[in-house]
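Same chain, two partners: subunit A is paired with subunit B first, then with subunit C.
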Partner chain A sequence: MKRHKTFGLAASAAAVALGLGACGGGGEAAAPTTAGYNAGIDAVVRPSDATGGTIVFNNSSVPDSTDPGNTYYANMWNVLRLYGRSLVTYKSVPGNAGNQIVPDLATSLGQVSNNGLTWTYHLKPNIKYEDGSTVTSQDVKYAVERSYAKDVLPNGPGYFSLLLTDPKYPGPYKDKAPDKLGLKSVTTPNSTTIVFHLARPFSDFDYVAALPQTIPVPPDKDRGANYQLHPMSTGPYKFQSYQLDKQFTLVKNPNWSAATDPNRKQLANKFVFNLNVNADTIDNNLIHNFADVDMAGTGVQAAARADILSSPSLKKNADNAFSGFLWLTYINSKVKPLDNVHCRRAVEYAADKVAYQTAYGGPVAGGAIASTVLTPNLVGFQKFDLYSATTKPHGDVTKAKQELTVCGQSNGFSTNMAFRSDRPKEKATATAQQQALSRVGIKVTLQGYPSGKYYTNFAGVPNYVHQHDLGLAIGGWAPDWPDGYGMLYYLTAGPAIQAAGNTNIGELDSPVVNNLFTKAMATTDISARNQIWSQIDREVMSQAVILPGVYAKSLLYRSPRLTNVFVHSYYAMYNYSILGKKATGS
Partner chain B sequence: MAAPLDVSPAEVSAAPEAALAGAGPVEGRSLGQIAWERLRRDKVAMTGGAIVVFLVLVAVIGPHLTQSPNAFHQELIDPTFSRPTGPLGGISAAHPLGVEPVNGRDVLSRIVNGAQYSLLIAFLATFLAVAIGVFFGVIAGYFGGWLDAVIARTMDVFLAFPLLVFALALVGVIPEQAFGLSGNSLRIALLIFIIGFFNWPYMGRIIRGQTLSLREREFVDAARSLGAGSGYVLFRELLPNLVAPIIVYSTLLVPTNILFEAALSYLGVGLYPPTPTWGGMLSDAVTNQYFQIDPAFMMVPGLAIFITVMAFNLFGDGLRDALDPRTR
Partner chain C sequence: MIAFIVRRLIVTVFLLLVVSLITFAIFFLIPLLAGQNSYELASQYVGRNPSPAAVHAIERKLGFDQPLTVQYGRFVRGIVMGAHYDAGPDKTYCPPPCFGYSFRNQQPVWPMLMSNVPVTASLAFGAAVLWLVAGTAIGVLSALRRGTVFDRAAMGVALAGVSLPIFFTGLIALQLFSYRWPIFPDLKFVPFTENPLLWARNLVLPWTTLAFLYAALYARLTRAGMLETMGEDYIRTARAKGLPERKVIVKHGLRAALTPIVTIFGMDLGLLLGGAVLTEFTFSLHGLGLFTILAIQNNDLPEILGVVMLTAFFVVIANLIVDILYAVIDPRVRP
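Moving on to the complex of A and B:
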């Protein structure tokens, strides 16, 4: 459901970049370097301060919105950094360090009060909009208020109304206060200070402050849903034009100051975003240098993948990066006989993980075999493997049979598996696991549902799941921010179980797990908190409510015409905020 | 494709004599015998007919002769691309038509087993659509007036009905068991019903149009003036003249219905995986973009559907010619 994707992994051993510092801010006039396969994962490829040129993006669809307050797509959040600055943001560096939150508009990360209930940010002085007016903390507050107006701006995440006091605030468009700043849970003691008042401690609040919804919006420029046609820029680029469904262009913003902003660069003259381009055409455009970036950042299509991997001259321009998703199968803890943990463990052992990987496209296009719910470079990830997923990747039939015996179902049992019938990869996974589980006598009937209603009407409705014996359900998850909370909470916390649109489909309501979440949210010490995420991961895996399938990967094509290219681990695609264009003719 | 109504006035006036001559008791041959004689001489139609018979045989006997359609052969799959190793989708002695991408299931065996389900569903659904369509089309065209108005508007409603939305709603409510059926047999019955029930207006409209023009013809007037009742006119005078359009449009409905099943399984109301169907194989190839990396996998079900359509069309054409020699 959370369509926002985060995560990329820097673990690829093949990653080699020649002679450059990892930091994107390097000032040396670097000569163009040749970079190889996966070079963009651990290092910045072709670091350069050369200016000029136009960078062309292609997108196979259209953005949900270019309004910072109305979008939930990772690629749009990545693009937004070109023209919007939030309170804090993700560091523009390759590798795991990209998960680190650093100050952006604010002078430092949030200062939390002793009781954990108030978070304070101070703005850097004299940050300007594109028209030269000064950014104030009231504008940031107004932007946060806009996230409450789901009737006008339906797409963005809803964390502020979830976490702050005053959750009934109707949004600025229905605000009775004359200055439209009636949200009581956010206060602005002066024009450079903003204070958030939380209903309960939430130690991950800096990740929330990094959402595009804290990019300031001047109230007098707000045009509701149409604000997306020209959002007021605080970043290095500003809107020049926007033809809906067709194209938008960004040009340099003269009022942006590089001195206050280490995470962005203003190198190219112009960014052009062409929309609704056929996905295969995009790949051809990239390979033949008619375009520079596939905006969606989800990797090339099957045809281009075959071409790229079989041609060394193309392969050296590709990066096989983690895409942020975990493909998984929920094992329901309420449907008989899977309400017995040993029956659930039997499923974990019996599943064929290689078949899972193959169904999603193999090790390159699909990803790596998973043994945990946390994906490898999420903050707090620790590797462990309770069900020999990596040591016996085709499944451990002996162990599975032992667990079945303990469960009292030594001959196996029957259950149903839900999958999205219009997703061939899920269908292939379902078919493969049906075969794998039949080896130990678990008879699975496959039930396909349309993906549009999968969570709202079928697999995400516990009543439906119970009535139809949906013991297993295929799905996937990508967190909104790169730590254990973003990944684990909606999948495994008891309070996350909902009557419809449920994401804790395993229906785990374990006091141990729930208490660990409460403890983590009150723990402001980052390393202590990160220990807790892995504890939760282990507990969830020992309860066997999730069968991890694949840490998803995608094959990205890195245009040789670009400079300062690297895969950002949080956005799980190339970082757009420091891109430059190689001088033509070279 | 010219139906009797399209002939020129000269031929119309010749029609009774021609009918008399054809039915002349020289050797006492029946109309059916004459038609069969004509059909037998039509090589193209006989080839089409032979292919149809062959397909039916494949569907009935084939599944007993082939290997399991659901056995995985992942050792034949190149893990990097999820596509079969070897030429043309992994063709080998053990797998004459290659194997599926991803799982490596035998394509020949899935085509043969799929024929059973696809043809069964397509034929029965076509039969249902034709039966309903002809019944209401003839009634509407022959009686006219308010009855025609009601039926014609009903057909409009059916044609405008958002079938896919209906199918989406259906996913949630179809039971596991009903009418003493469960599992795949229930789904098959359901598919036949949905496809047949929503396709009849196409047939109905054509038949209604044909009936409208036929009922004004002299032979119908003649029958009426001799005191024939509505039943006699409908079954003895009109229906035989409608056989040609019915056959031709039925042969065109069959492939549509094969693909219809694929669309419905895409929405989750099709047969339970791993049951093979032609439409399902085709939609797998298209939606997962296998056609780009393994075109052979799309060709096989595509060709199967193409050959079926072709055979039915050729046979249907010949049959119509045989039944109605004036259109040759």
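Moving on to the complex of A and C:
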């Protein structure tokens, strides 16, 4: 999965289990500040209500779509908040408090029925589109219906069809109902109420309601595949122009309801998004003030990174933030002799975490050494270290040998390690771990595979894994939403194991873990649920099916021309919805 | 002459058909031989973690479930007669020449291609003027001053120009003249019709970078041609007749040496009009080159087909113009 391009892999054909969405988490934001290295991680840099100016974004790629119903890119979900309001959204504050879900179009978070199968949202009254017409719950329903039309809008996540009671709904374009609102699992008793009927309880549903697919779309304005050229705005900005793959421009939306929207500001006059710009040029443009934001939000390139870190005047405008990814190695629990937990633990102990970190670029470009599956920016994260990853980062050879002895393989064993051959960092990691494991007699043969088919044809196909003794496989993960379900379910839950496209590559099917997921999905109390995520994390680490490598980080450059800048914990990049521009000359 | 042009245009149509057929085959047949099926092909255009139903829907929508002959026939028919496309709420008509719809963003390819042409044309023609003038002038002077310091220096620089890749010289140019000494800051393409001065100012660096490479080639070619021509008997005869040296050089020497230059110029310009990939990438110019990169990155057949056919068209037309120019330059080939 590639958070730098998309949000998580999470939903596939697996049955959706239960989980309770988390709010809160993390501490309050620190006092506002002006500048300084990492100043934008826990505080708002240059808070200001000054208006005017144009904020220029550069993007080295192009959006998958600007249509809220057709995008899976993290940076687009961030950009979308400028022109689209979903039922609920993430709080616009720095620190882990940004993971908190708060009402957006809705008056409150979802009201769940006693049996956990019905979620109700009431819309704030008189929310307008850019043309002055009123947003209705039917428009939200229509937007949700569009997520079913995969033949026309293929890119977005598929959670609604997985969770709601009528998964075979064909989408509004093939809907026989005259008003195209034939999705029976979503009802609208009146124009300000929308009710979702779930096939099974799913207490993380507020996170699903925060997806851009709940941004309302008026049916009479829907142009299907062409809607991306001018989505109807409910946010502070609206589309002025869009030259596909080149540039789009947002200007102020006069019908935005500021009083109902504490998570966005309308400060700059205009946002310009220049697409398909050379990545090194973007860094130079940022440093030389020809651009304000790197839209991708994945950090600067190697050349600029060296410049920034060596120059105090540049470094004070940089933030080394968590990118949301965990780089990891799957340890398969079915491939012999790794079907013995002690052999898996031997791998955990013997691995060289410093080498792992170095392979991904070191502490700044790569990230921090990891000891858990949950990453520090997630709701429910609790720090622990079962295998001395942080205290003995080069590996604990003595403990590894002890585990091998208990496993009955005191002289070590042989296995194969899969990695994506077109990813130099994974290849470097594989080579480094091959050397590290050889210290305790574990002989690893490296097997490279193309990344495009890694999950669909090789590492994600259990039969192939078993037949080819792929005991170890390198990968990465970032969740679609920032809690234990988003991070852990598809990596570790038994029901998530699939014949192809499998992401539970460790093939953990532990009754303990599965029951904890079931319990979490039925737990409505947020803090209790967060405890369960940590319990699952501990159990997974105890089972040693995942070797955490690094909590990924990236070096972001914070333009000194911007106001209200901070790294949003959920998007893992600067928060775009409240940015402003410093007045010229100030 | 008109019959000649008509004949060439008919050949052009056949050539484009062959090019499209080869591109189509490369896109479909090679993956097929490597074991890819239409479901796997469709899964590339369904976003992340699609359900099988979603993949099948896209498979049907993009026509991958049809035989290749049907798919190719539909493509060719679209160019001639246009095509209808299911964009969701209604059918969208793509008028001829409809090069199909992008698999990636479900937009008709032809308007996207055309929107990139002004950028590439601005880059290619501007650079062509520069390299043609500079390259031939340096080549002529080097030939006339063979063995001098100027000749050695010019050929040394030419060697560097040919050897250094554009993504290197372009980045150096950007770093020096756009960032360190911001003589050309904040480069972006501005249409000529919008602001001719800004158009030129923002293209000076790309033109120069591109022309540096080609001028080097042309200088060496011209020098070689001139050295050969100036040793011919008819040059000696012209001088013996008492013609002024300038006339001998320009009318008799350069004119003959220009024939191969014009040939290669036609090829180069035609290819560049299909996209100066490295220059456009380095300077973030949204021309056909950058379009091509995006199309290949996304494995987007209609976009790839479109740009390949447009490039082939430009090359063929440029060669046709060159053939016509031969008649002007060289009286021996006049009909």
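Criterion: the second predicted complex is superposed on the first by the 553 of 586 C-alpha atoms of A that agree within 3 Å, B and C clash if a C-alpha of one lies under 4 Å from a C-alpha of the other, contacts with A are read in each partner's own complex, and residues count from 1 in each chain.
Keep in mind that, in the parts below, a contact is a pair of C-beta atoms (placed from the backbone, for glycine too) under 8 Å apart; a residue touches a chain by one contact, two chains touch by 3 or more.
Bear in mind that the values here come from a model prediction, so they are computed numbers and not experimental data.
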Open item on the list: Under the stated touch criterion, which partner chain does A:F458 make contact with: subunit B (first), subunit C (second), both, or neither?
Closed with: first
- [ ] Name the contact category of A:R200: first (subunit B only), second (subunit C only), both, or neither.
- [x] neither
- [ ] Please work out whether A:T281 is in contact with subunit B alone, subunit C alone, both, or neither, and reply first, second, both or neither.
- [x] second
Open item on the list: With both complexes overlaid on chain A, does A:K443 touch subunit B (first), subunit C (second), both or neither?
Closed with: neither
- [ ] Please work out whether A:K184 is in contact with subunit B alone, subunit C alone, both, or neither, and reply first, second, both or neither.
- [x] neither
TODO: Kindly classify A:N155 by the partners it touches after superposition: subunit B alone (first), subunit C alone (second), both, or neither?
DONE: second
Task: Residues of subunit A contacting subunit B in one complex and subunit C in the other - done: 280, 452
Open item on the list: Please output the residues of subunit A touching subunit C within their complex, sorted ascending.
Closed with: 1, 6-7, 9-13, 62, 64-65, 72, 149-158, 161, 173, 222-228, 243-246, 274, 276-278, 280-281, 284-285, 287-288, 290, 452, 456, 501
Task: In the complex, subunit C residues that touch subunit A - done: 40, 43-54, 57-58, 60-61, 86-90, 92, 105-107, 112, 115, 171, 174-175, 178-179, 182, 185-186, 188, 281-284, 286, 290-291, 294
Open item on the list: List the residues on subunit B that touch subunit A in their complex, please.
Closed with: 70, 72, 74, 77-83, 102-103, 168, 171-172, 176, 183, 265-268, 270, 272-274, 284, 287-290, 292-293
Task: subunit B partner contacts - residues on subunit A that touch it in the complex - done: 280, 301-303, 305-306, 309, 354-355, 357-359, 361-366, 421-422, 424-425, 427-428, 430-432, 434-435, 445-450, 452-453, 457-458, 464, 468
